[in-house]
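Several structures are given next for inspection.
Each of the next two complexes has chain A plus one other chain: chain B in the first, chain C in the second.
For the complex of A and B:
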């Protein structure tokens, strides 16, 4: 990447932070000057104070950890299943067609629409939330991994056949790095869907089993009419979303597909 | 040297689709240490022939033998080199691309001692060091050792093909199957790489089947040239294999498929394209491809 691109990237980030600060100032001023009850619309400074105190008391870190853990679990299962489906589809034309059809049917279905059935089948515990997350990531990942396998250059398959790679080495040296660019875009979509589905599911289910996630945190705050806490929860969800979508995925791409010159 | 040819195609035929015939009844022999070039117009099946020789494609009829044994699948004994730059792994640096056959491939000996050349040696503690030594050696030979940490996208076309050449030779295969490997390079780079290939061929003693549509390139490189000619009515027609299939060359009638003619090139190396003998050879092959002068067949083997 050229220095120019890096500079403009940094400039963009700086302007984004400027916009955020401006919004926060407007929020603060509007809350303080409008005379609306802080129970309905608390100033941002109060929200941040609640946020910091809940972080310090360990309430929020526990909730965040719970949410992230269950998303990680669901994405892991979804990724493994997507790999299996796409590889099976690649190996056999008929399976491929079946997988394509299945994806076309399931992909447009929002996870939240499955909630009643999932509750019926798996109750309201950990398994139910996990099922929703797996559903959210599985289909977009299958689509992108299937596309990824198709875009691997035929010559690379030929080279691998030429040196008689066994299937395991074929996967390590060819398939996994070959699908990486597509897998990353699938992960971005999958993650975004999983994160939204998780929060929604948590707010419907409430606490699942041992504890609840960040969605449950917001749910509780509503019960106790703790508006500042409600806003704090929303801020946390936004921040984690940004952290993943703008930083974590970028970082992974920088050390993989951008380094290899196969993206941007 | 054994009496069994290194590579032999007997009565090999290949067709696209159900009804169109590309070539049939084709014979070809590659001797140990020989440099054989295959020239012919596009669409005559040069690449398909090469892939059949390598075991990547199954011939419609006939059999290919490598050292007397029928070829059924690709093997590290006959390594393909392609024209396209995407034959390198984009995610591997030059070093890892070249080390790939030794690190990922099955059962390739890296020992200098032929007696120790058995698969069990693969597990030996010396193998990683031996691989490193071999990779470094071949990278220095193709002049890319300084670029070993580069990714393919950072290389020029010539450097990419040098990397591909190094990768194909690092496992010391007896046969190299090259499909217009320098076809995407400019004239100067092409000449450089032809010289490099000849030097390495001279030193390592492998055999080559080199497909090209460039008569001069074939004449600069090869001991023997196989000229593939399209059947009469197809002569002069342009088009790739796809066109040939769509055009429906029809069933494999006796005189309806590609013919092959072999020419021994009796010229000392390095060969100078400006020399009268070179030009005479050039004209002869040109006429063969142009369908005139069937009388030239007296010079086939």
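For the complex of A and C:
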């Protein structure tokens, strides 16, 4: 029952895995044969061993969980705020212009550049990291959601008005499915920016209190000169990035917008 | 003709970016040779321009590094080691010094004993060739309710440079002695460099206490309401050397004369410092941008002294091994390059 598209998709995945395996073999061989100190460039097998032992001891799962939770929190707040901003902009032309200007001003600003000010206002720790993440997510999401609302054809609004849909049902049946593809692409950008901002922020001021994410894990590995751990941390960041960007978002899109038929 | 033109355009498209990128790459390649000490006959690399050997020394900021600043300003090392070009680098933290030495960019680095030991334990080929200074270290707080380590509550925060730093190890030593567990306060720690930590402490909001060293310690303690909860010597249970000089084995084997010259230059700088001479004070006041009067008070602060002996090494090794910071078996003799 598999279609051609699915087959070619599977072939592409298989080739990707082949490339990754090849890279790992080259890494292992280069590290073992070059005679470079493992403190500078450890073989991948030792990195994986450190990775597994840190996963087993519960160090890494805790760090990963902390990072993902705080990103989820930030993306959630960012999404709610972005919806609010863009809906308000849709409802009122003046607000819309103000939001556009705000986005134009804030969108190009990297979160990490705000860090010193955020520390002044919110101190170090959870709130500061959260603010940086919300900042990284809010503006790209607002842009995409606003674009999404604008692309819903006027006649669909007219039709739904003819059906006398109240604003709530209009939101559920027209606006949400209509903006979803845009929101998803905004989420992709927002997530990517949030994830990078989080790692950067954690590496600047480390952990506060007992908590600390994957950036803090790398920082600790650095100060204790555990190069294998450094590489392990980087691998984890890559894996999580791939997991989200090429699997999770695809899955969400499959069960939503493709099913609703708004996008293929 | 048309085809020819098209081809040319493709070639241009490829060549133009290359032309921009090449000049960027070239100096980067050249920089790789500067200041390193590859497997030459001598321990140090020849200076690209004049073929003079280069000795690269890394230091950090703080009053404990004063002999190095005197040595540099008075050109003592240049006198003791003629024919060499001396390259000074001030790096932000010990991890950066260690990494630069591991990469072969720096020959000699100055740092606290614990970060040196962690590097040695992980396989860095280097040794302590001199002590530099003893200094008062202290945990300072503004909170009146905190009189001892046991008064810290779970949501109180203690700022210090980084895990594995001498401040962190001293705090864990005191924790073990006074609270029964070396890691008792590990969840309270916040990593901050000294200037940021001082700002945060003086803000009297986020940071409950700051474990720091001179001159930050003196500046914090001269603020009204600031008190010291714990001193470095209390934590250690004795005297210890704060900053030591470490040299790569490669330099120690291949160019022992350079190391000897460095020791002589340090002796001269420390002699100038010990009697708090006008000259030393005026050099340092400029370096730290501190009022000379105040600097003189700092230099006479109890516990601050300069000298080349190394104290407390064995205590650090045994404590750090017992609490899991060191894994390999070695003693103080293995990590010190004795003078001949």
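Operating definition for what follows: the second predicted complex is superposed on the first by the 259 of 264 C-alpha atoms of A that agree within 3 Å, B and C clash if a C-alpha of one lies under 4 Å from a C-alpha of the other, contacts with A are read in each partner's own complex, and residues count from 1 in each chain.
To be clear about the criterion, a contact is a pair of C-beta atoms (placed from the backbone, for glycine too) under 8 Å apart; a residue touches a chain by one contact, two chains touch by 3 or more.
It should be emphasised that the depicted structure is a prediction, and the values quoted were computed from it without experimental measurement.
**Q** Putting chain B and chain C onto chain A via the overlay, clash or fit?
**A** Superposition result for chain B and chain C: fit.
**Q** Using the superposed model, determine the angle chain B, chain A, chain C defined by their C-alpha centres, to the nearest 10 degrees.
**A** 160
**Q** Mind working out whether A:155 is in touch with chain B, chain C, both or neither, as first, second, both or neither?
**A** After superposition on chain A, A:155 lies in contact with chain B alone.
**Q** Would you check which partner chain A:39 touches, where first means chain B only, second means chain C only, and both and neither mean what they say?
**A** In the superposed model, A:39 contacts chain C only, not chain B.
**Q** Going by the contact rule set out at the top, does A:173 touch chain B (first), chain C (second), both, or neither?
**A** Touch partner of A:173: chain B, not chain C.
**Q** Taking the superposed arrangement, what is the smallest distance in Å from a C-alpha atom of chain B to one of chain C?
**A** Comparing every C-alpha of chain B with every C-alpha of chain C, the smallest gap is 43 Å.
**Q** Shared contact residues on chain A, chain B side and chain C side combined as an intersection?
**A** none
**Q** Residues of chain C touching chain A in their complex?
**A** 95, 98, 102-103, 115, 118-119, 122-124, 154-155, 157, 162-165, 187-192, 200, 205-206, 325
**Q** For a test of understanding, state which residues of chain A touch chain B in their complex under the given definition.
**A** Checking each residue of chain A against chain B gives 153, 155-156, 158-166, 169, 172-174, 177-178, 180, 256, 259-262.
**Q** Inside the complex, what are the residues of chain A that reach chain C?
**A** These residues of chain A touch chain C: 37-40, 123-125, 205-210, 219-220, 222-227.
**Q** Spell out the part of chain B that touches chain A in their complex, as residue ranges.
**A** That would be residues 54, 56, 73-76, 79-80, 82, 84, 86-87, 89-91, 100-101, 104-108, 151-154, 167, 171 of chain B.
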